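Please go over the structures that come below.
Here come two complexes built around chain A, the first alongside chain B, the second alongside chain C.
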Partner chain A sequence: MSTGTQLLVGMADIKVAKGPATFTCLGLGSCIGLVAFDEQADVCGMVHIMLPEAFKDKPVDKIGKFANTGVPAMIAEMEKLGANPSRMVMALAGGAQVFKFGSAASSRLDVGARNAEATLEILRGMRAKISAQDTGGSSGRTMIVKSDTGVVTVRTVHGGETELCCLRRGRRSAAA
Partner chain B sequence: MSEQTHQFGLMEMSAIREMSNIGLGHATTALANMTGKSFNMEIPNVETVALEQVPLMMGNPEEVAVGICMPIEGDITGHTAFLFPWESAQDLWRMLIGTAPETPGDIDELSASVMLEIGNIVSSSFLNAISDMSNLKLHATPPMVSVDLVYTIAASIVAEAEMDEAIALALETRLYGMDDCATTGYFLCVPTLSGLNQLFRALGIAEAA
Partner chain C sequence: MSHTVTIEQIVSKTSDLPTIPAAALKVMRETQSSSASAASVARIIVTDQALSARVLRLANSAFYGLSRKISDLPEAVVVLGMKSVKNLALVAGTYPWMKRPLTGYCLGPEEMWRHAFGCAAAAQIVARMSRKCSEDLVFTAGLLHDIGKVALSVWLENKMGAILLYAGREEISFDEAERRVLGYDHCQVGFHLATSWNLPEEICSACLYHHTPAQAAEHQSVVDCVHVGDYICSAMGFGLGGDGMLYPFDEGSLTRLGISPDQIDAITDEFVEKFEEYEALFSEIAA
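The block that comes next holds the complex of A and B.
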């Protein structure tokens, strides 16, 4: 039973929708899935961030790839649909270090942690309301957001599916 | 689409394809020697795809797999990785130690080290072959293992590779067991752009833009 548009948010993608939609970020490893929701405007957006920061000496090929370009771009897309950044509630997941076995695993540069740090830094800078976050560790996460209920769920290979948070203040039952 | 991909000439692409073909031939032989089974491989797929497409290149992205990743150092830098879908990984464990973990949560030090060893031997064979052909120094660094979705593993490798330096193409192929062996695996190699240019120079081919 699905409600509204189904949106698969691939690596470096930004997807936004007004009204009921289901957003899925498949298999977030070191990547970050960030969702923002404006309940009043009923506009939801998601970005699948791959790296913390755009390269200084290289043109940005895809704006959603980097935390420092992807977050503002997603918010701008949402504003076009009538959302207001001051009303947005956000949640994020990902930033894991999935290579956990092997002598070099812990000493490698940890892209996941840097992605999470960079994203949070940007969100803090804009005083965003963060409802919940599920970052770090060594498990990949699939993040699913249903904008009609506001429920954000996170699924892992090792630990099954759990509800991360609800982005709607007045939780609506699916039957209503 | 606005993604920028580096364009290589026919000469460069066929050189990469030919070298990876030979390199992977050595890698496949190494895997066969380890397991006592026959393996074959498909002609490597060399694509200058946008990197965010790479996780979708290998079979079913939502399948659980064991991924062994090895950063390459030396004259050419980049990353190589083998991904074995869970049931194929279990086959490999049974071939090598007679028993396999039932679920990803059951992986212990021993079963992890078996995969590290496979990665070590198979990737080193690949790199040695490239090194012999080009006279460039290449060495594998200690491998790392992950058990997760194919998508998750591939995406994390691409992100880590891109974090170090720009990468321009992905080389991918499928290995499969022959006769009574149904084991399959995917090989992924993402060299850096500067590494590729080193390779082309060593081979006397015009440098990529």
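The block that comes next holds the complex of A and C.
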């Protein structure tokens, strides 16, 4: 059942909403879908990260494209709607290894693993509360977040749709 | 396991298969010829009214930023160039059947299409960086590299689910599962199809070897570009059906093309821009 505003979070997009909204991040391969939620302010945000780090010698065309620019930008957008970073709870999915690499292959090729690590490093640096993560593996994912219930689900071709976590406190403690 | 349809049956019964319009194929062959001219290319396209209309719509899109409207094909060829018009004709000709869902590969409507032009865009960037082969030819090869999947999906829709499960259970690549179950894979079907359409050799090779580029005895640079483009496009989530993640990546392609693994991020970054440009352009033919 869809609730509130429907937001499709495409490549390098940052979407934020106050009040009920459904965020959908389609076709995450090596990309990362990161969601943050401030329950008290009822503000939710999502970013579709494609690469770990912006290039030093090139202007950033889309701020959501890189982990090191996209995460702070999403939080700043949420703050404009009244969210407070210290209250935010986060979840992330994606970062799959697309294609198999030989044992001698350069680790630079595994963009998925580097995306996940770069995102987590930024979140650790912010002392962010991470409710759940579903990263790595070899499946493409679609990540769906319904802010009215706080439920985050991940869908894969082989595994179907499963609940990753709930970002609302009531459900979190009930599940604990 | 035994297979029930031979590769020859799949390719020979073309009346049941989606095909590229004859005019688009003729354009491709004509532009390979040394005697091709703007007039000769335009003469071929105008024989197909639907194709002509779509090519003109593309030529007049914001992508090309022309100050005035192009109203006929000869003018389009003169203004945009023969190679651009050839690619537009191919894009316009392949869209109607590439846009269909390939349920056998767990690909929804337009997912194969987005993978096809996404691979073409990524392979084109790789070709430009490597300077080893024609960007234009690589674009075409990227666009058509998975035509075998379209054919297989039409014929073996009911069986593809079983192949998908088999590949997952055995943890093998999907083309390997296709070979074990059917006796052939989508690369071989694509090669037969491309050959039967008299497509240029480079494109036939890309269809056959895009998952095994080291095996390509000829036109290896084109095959390598498509292999890397396929990887970049899949990594960005385009065309990730049931089979998307289990193919091996041959780092030798990068080595042969003179591209360092450190350049993958830059290629990906450019791919995102290019993909969005093409998506906006090609939405004109869907409109």
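Annotations for the structure displayed:
The working rule: the second predicted complex is superposed on the first by the 161 of 176 C-alpha atoms of A that agree within 3 Å, B and C clash if a C-alpha of one lies under 4 Å from a C-alpha of the other, contacts with A are read in each partner's own complex, and residues count from 1 in each chain.
By definition in this document, a contact is a pair of C-beta atoms (placed from the backbone, for glycine too) under 8 Å apart; a residue touches a chain by one contact, two chains touch by 3 or more.
A quick note: this is a predicted structure, and the numbers were derived from the prediction, not measured.
Because the two structures share chain A, they can be overlaid on it, and in that overlay chain B clashes with chain C. Once the two complexes are overlaid on the shared chain, A:100 sits against chain B and chain C alike.
With both structures placed on the common chain, the touch criterion links A:59 to chain B but leaves chain C unconnected. Within the superposed three-chain model, A:11 lies in touch with chain B and with chain C [touch as defined at top]. When both complexes are overlaid on chain A, the residue A:146 reaches neither chain B nor chain C. Within chain A, the residues touched by chain B in the first complex and by chain C in the second are 11-12, 26-31, 50-51, 55, 58, 61-62, 65, 96, 98-102, 104-105, 108-109, 111-112, 138-140, 157-158. Taken in their complex, chain A has these residues touching chain C: 11-12, 26-31, 50-53, 55, 58, 61-62, 65, 96-102, 104-106, 108-109, 111-112, 138-140, 157-158. Interface residues of chain A facing chain B in the complex, by the touch rule stated above, are 10-13, 26-31, 50-51, 55, 58-59, 61-62, 65, 96, 98-105, 108-109, 111-112, 114-115, 138-140, 142, 157-158.
Those residues of chain B lying in contact with chain A across their complex are 2-4, 50-52, 55-56, 61-62, 64, 67, 69, 71, 104-105, 107, 112-113, 115-116, 141-153, 155-156, 158-160, 162-164, 166.
Touching chain A in their complex are the following residues of chain C: 106, 164, 168, 173, 231, 234-238, 240-242, 244-249, 251, 261-262, 264-266, 268-269, 272-273, 275-276.
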